[in-house]
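Consider the two complexes below, in which chain A is the common component and chain B and chain C are the respective partners.
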Partner chain A sequence: MNFSDSKKKLALAGVICGIVAAILALQGNPGNMAFCIACFIRDTAGAMKLHNAAVVQYARPETIGIVIGAFAIAVATKEYRSTAGSSPMIRFVLGMIIMIGSLVFLGCPLRMVIRMSAGDLNAWVALIGFVGGVATGAFFLKKGFSLGRAHETNAMSGAVAPVLMLGIFVLSVATTLFAVSESGPGSMHAPIILSLIGGLIVGAVAQKSRMCFAGSIRDIILIRSFDLISVIGGLFVVMLIFNIATGHFSLSFAGQPIAHSQHLWNILGMYAVGFAAVLAGGCPLRQLVLAGQGSSDAGVTVLGLFAGAAVAHNFGLAASAAAAATDTTEAVAGGPATAGKVAVIICIIVCFIIAAFNKRQAAK
Partner chain B sequence: MRKKELKLVVTFHTTADAMAMEKACKAHQAPGRLIPVPRAISAGCGLSWCTELSDRECIEKVMKEVGIEQEAIHECMV
Partner chain C sequence: MKEVDARGLSCPEPLMLTAEALKSSKGPIKVLVSEPHQKTNVEKFAKDHGKKTTVKEVGSEFEIVIE
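Entry: the complex of A and B
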């Protein structure tokens, strides 16, 4: 099915992804997380013991499914193209920045939209930062920012990311090598097979629709095109209906699952994510899909996401969630510690340096 | 809904090339506009330059003059 020949079909793509997210949330994925790419890569990094945060360790079949689903549909529809060579190490750094910014806010752009649909006002505040970051990236695109063109490469190079993902899945179900959280968000998950199927569907639909959270806002700013935002709109509406129908909608700052109300850091975290995502050519979901359809550059960005998750948890950069007081514990305001705040500032500075010093070269 | 017509669509290797194309066409008063790459052409998420079929020569001349290399030039329904 061609999802992109009309806005209605693009919105349908978003609706399908929203339904998948709603089912996975019903079946056990953490509250307001459902299908967060950054959180799930972080959990997978934890399962592989790249970090030791015991509450966020689980090889999420959803992220694995997205890459394999995008790969399968790209091969089936002859859109698989093995490409590489567009400043891979800069993309690695941008991947790290996207992850660190996401973990300061506590969610990638996809989770931001899911949280918005549940009435989490912290996510609406973070949207300001995300749009600002995308707008800054778009400004530098207009000024000639470029990481250089990718070139066709050996077909096998582009297939490495899907094969590695398949390997992680096999190891997670057939061995006890990986860590699995016994409590916290990492312990909350839908049945493995359902998660995998959900990932495959989202991967295929996202590949066909070119779903991208950063790209949708970038296109509005640069060319006044509302095509890609239609996909996000479809997803938002489904999740809004789901949250209202299941009693999960709560319009407030406080009491939201896995969230904090440090507004400045929610804004700056997502500013870094939006800025870095535009420079890298797509949000975390889009990077997984591009890696699946043969882009080794996107594959390196995904490796950067994994490294960013490890750094964020090993060095205490990730924010903590707010928590109400209980009989035995005091209330926690949540938010990033000093290290996380410093890291976000450094990430934003690095984005400006990358944006300012990588210019397009005219063809000779 | 707007009726689709056969148009000339130029795709680029990078988004920066597309942005440079917009700037160059404005400066040279060449026709066309930036659009998302039509889904029928490629799986990329970049931008492309869309204009009338009859503008092909004019567009190619501008690109040569300012040093913009196209990925491909297509004729497709937009």
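Entry: the complex of A and C
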């Protein structure tokens, strides 16, 4: 089935992903997280002990499923192409920036939309930054920004990302090598098989619909196309209905699950994410899907996401969530520490440097 | 015929180059892309702008003529 030839079908793709997200949330995934790509790569990086934040370590089958689902459907529909060579190391850096920005806000663009659908006003504030970042990226695209051409390469290269993901999954279920959180977000998860199936479905649907959070806003700005935003609209509506129906909807800044109200840093964090995602040609979800359908360049971006997660937690760049006072603990305002703030500024500066110095004319 | 070589470029560059070429040239243009989803994008973009497209597969890549 071709998902991308009408807005209705695209919205349907979003609805399917929304239903998967709602089911996973009901079955135990952390609040407003569903299958947040940044959070889940961070958890998977933690499980592999790339960082040692004890509350966020769990090899998430959703992320693994997305790559494998995209790979399977791309092979089945003859869209698999093993390609590489479009400035992979710049994409690695962009992947790191996307992850660091996401962890300062506490969510990738997907989770931002899910948080928005739950009434989390902090996410609506962050949307300002995200749109600003995407618009800045679009501005440089208009000026001729390009990371150059990818070329076809040995068929096996494009299959490495899905195979590595499969390897992580097998190790996570068959061995005790990986760390597993005993408390915190990493300890909350849907049953493994359900998570995997959810990921496979989302991967396949996202591959067919070209679902992309950065691309949807970029296309509105650049070519006045509302195709990709239809997918996001479908997802948003389903999650909104789900949240209202289950009593998870509350319109507020405070008391939201795994969130903070440092507005400036929510805005700047998502500004970096939007900017870097447009330069890299897609949001974290899209990078996973592209890696699945054979792009080694997107595969390198995904490695950058893993490295970014390790850096963010090893060096205390990730924001902490706000928490209300309890009998034994004091209230926490949450947000990034100084190191995280500095990191976001550096990330944004690096985005500007990458955007300014990579031109299509120079690309062969 | 004006030719746009967008092979191997990331989204949305193929579309932007196509749009530029359509603006600057009166006659038909030929667009080369590598990925199936980019072929679909360019076709759809052309149709949305009231143009006719013919697609030819060249090896593992695509040649789209827009008129």
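As a convention for this text, the second predicted complex is superposed on the first by the 361 of 364 C-alpha atoms of A that agree within 3 Å, B and C clash if a C-alpha of one lies under 4 Å from a C-alpha of the other, contacts with A are read in each partner's own complex, and residues count from 1 in each chain.
Criterion: a contact is a pair of C-beta atoms (placed from the backbone, for glycine too) under 8 Å apart; a residue touches a chain by one contact, two chains touch by 3 or more.
The model shown is predicted, which means the values in this text are computed figures rather than measured ones.
In the superposed model, A:R210 lies in contact with both chain B and chain C.
In the superposition on chain A, A:G85 makes contact with chain C only, not with chain B. By the touch criterion defined above, A:E152 lies against chain C but remains apart from chain B after alignment on the C-alpha atoms of chain A. Look at A:L251: by the touch rule set out above, it reaches neither chain B nor chain C. In the superposition on chain A, contact of A:A174 is made with neither chain B nor chain C.
For chain A, the partner that touches more of its residues is B, with chain B and chain C as the two candidates. Residues 2, 4-5, 79, 81, 86, 141-142, 146-150, 210, 215, 219, 222-223, 225, 227, 281-282, 360 of chain A lie in contact with chain B in one complex and with chain C in the other.
Listed in rising order, the residues of chain C touching chain A in the complex are 7-13, 15-16, 19, 34-37, 40, 44-45, 48, 60.
In the complex of the two chains, the chain A residues touching chain C come out as 2, 4-5, 78-79, 81, 83, 85-86, 141-142, 146-152, 210, 215, 218-219, 222-223, 225, 227, 280-282, 360. Only residues 1, 13-17, 19-20, 33-36, 39-40, 42-43, 45, 47, 66-69 of chain B touch chain A when the two sit together in their complex. Interface residues of chain A facing chain B in the complex, by the touch rule stated above, are 2-6, 74, 79, 81, 86, 141-142, 144-150, 207-208, 210, 212, 215, 219, 222-223, 225, 227-228, 281-282, 286, 293, 359-360, 362-364.
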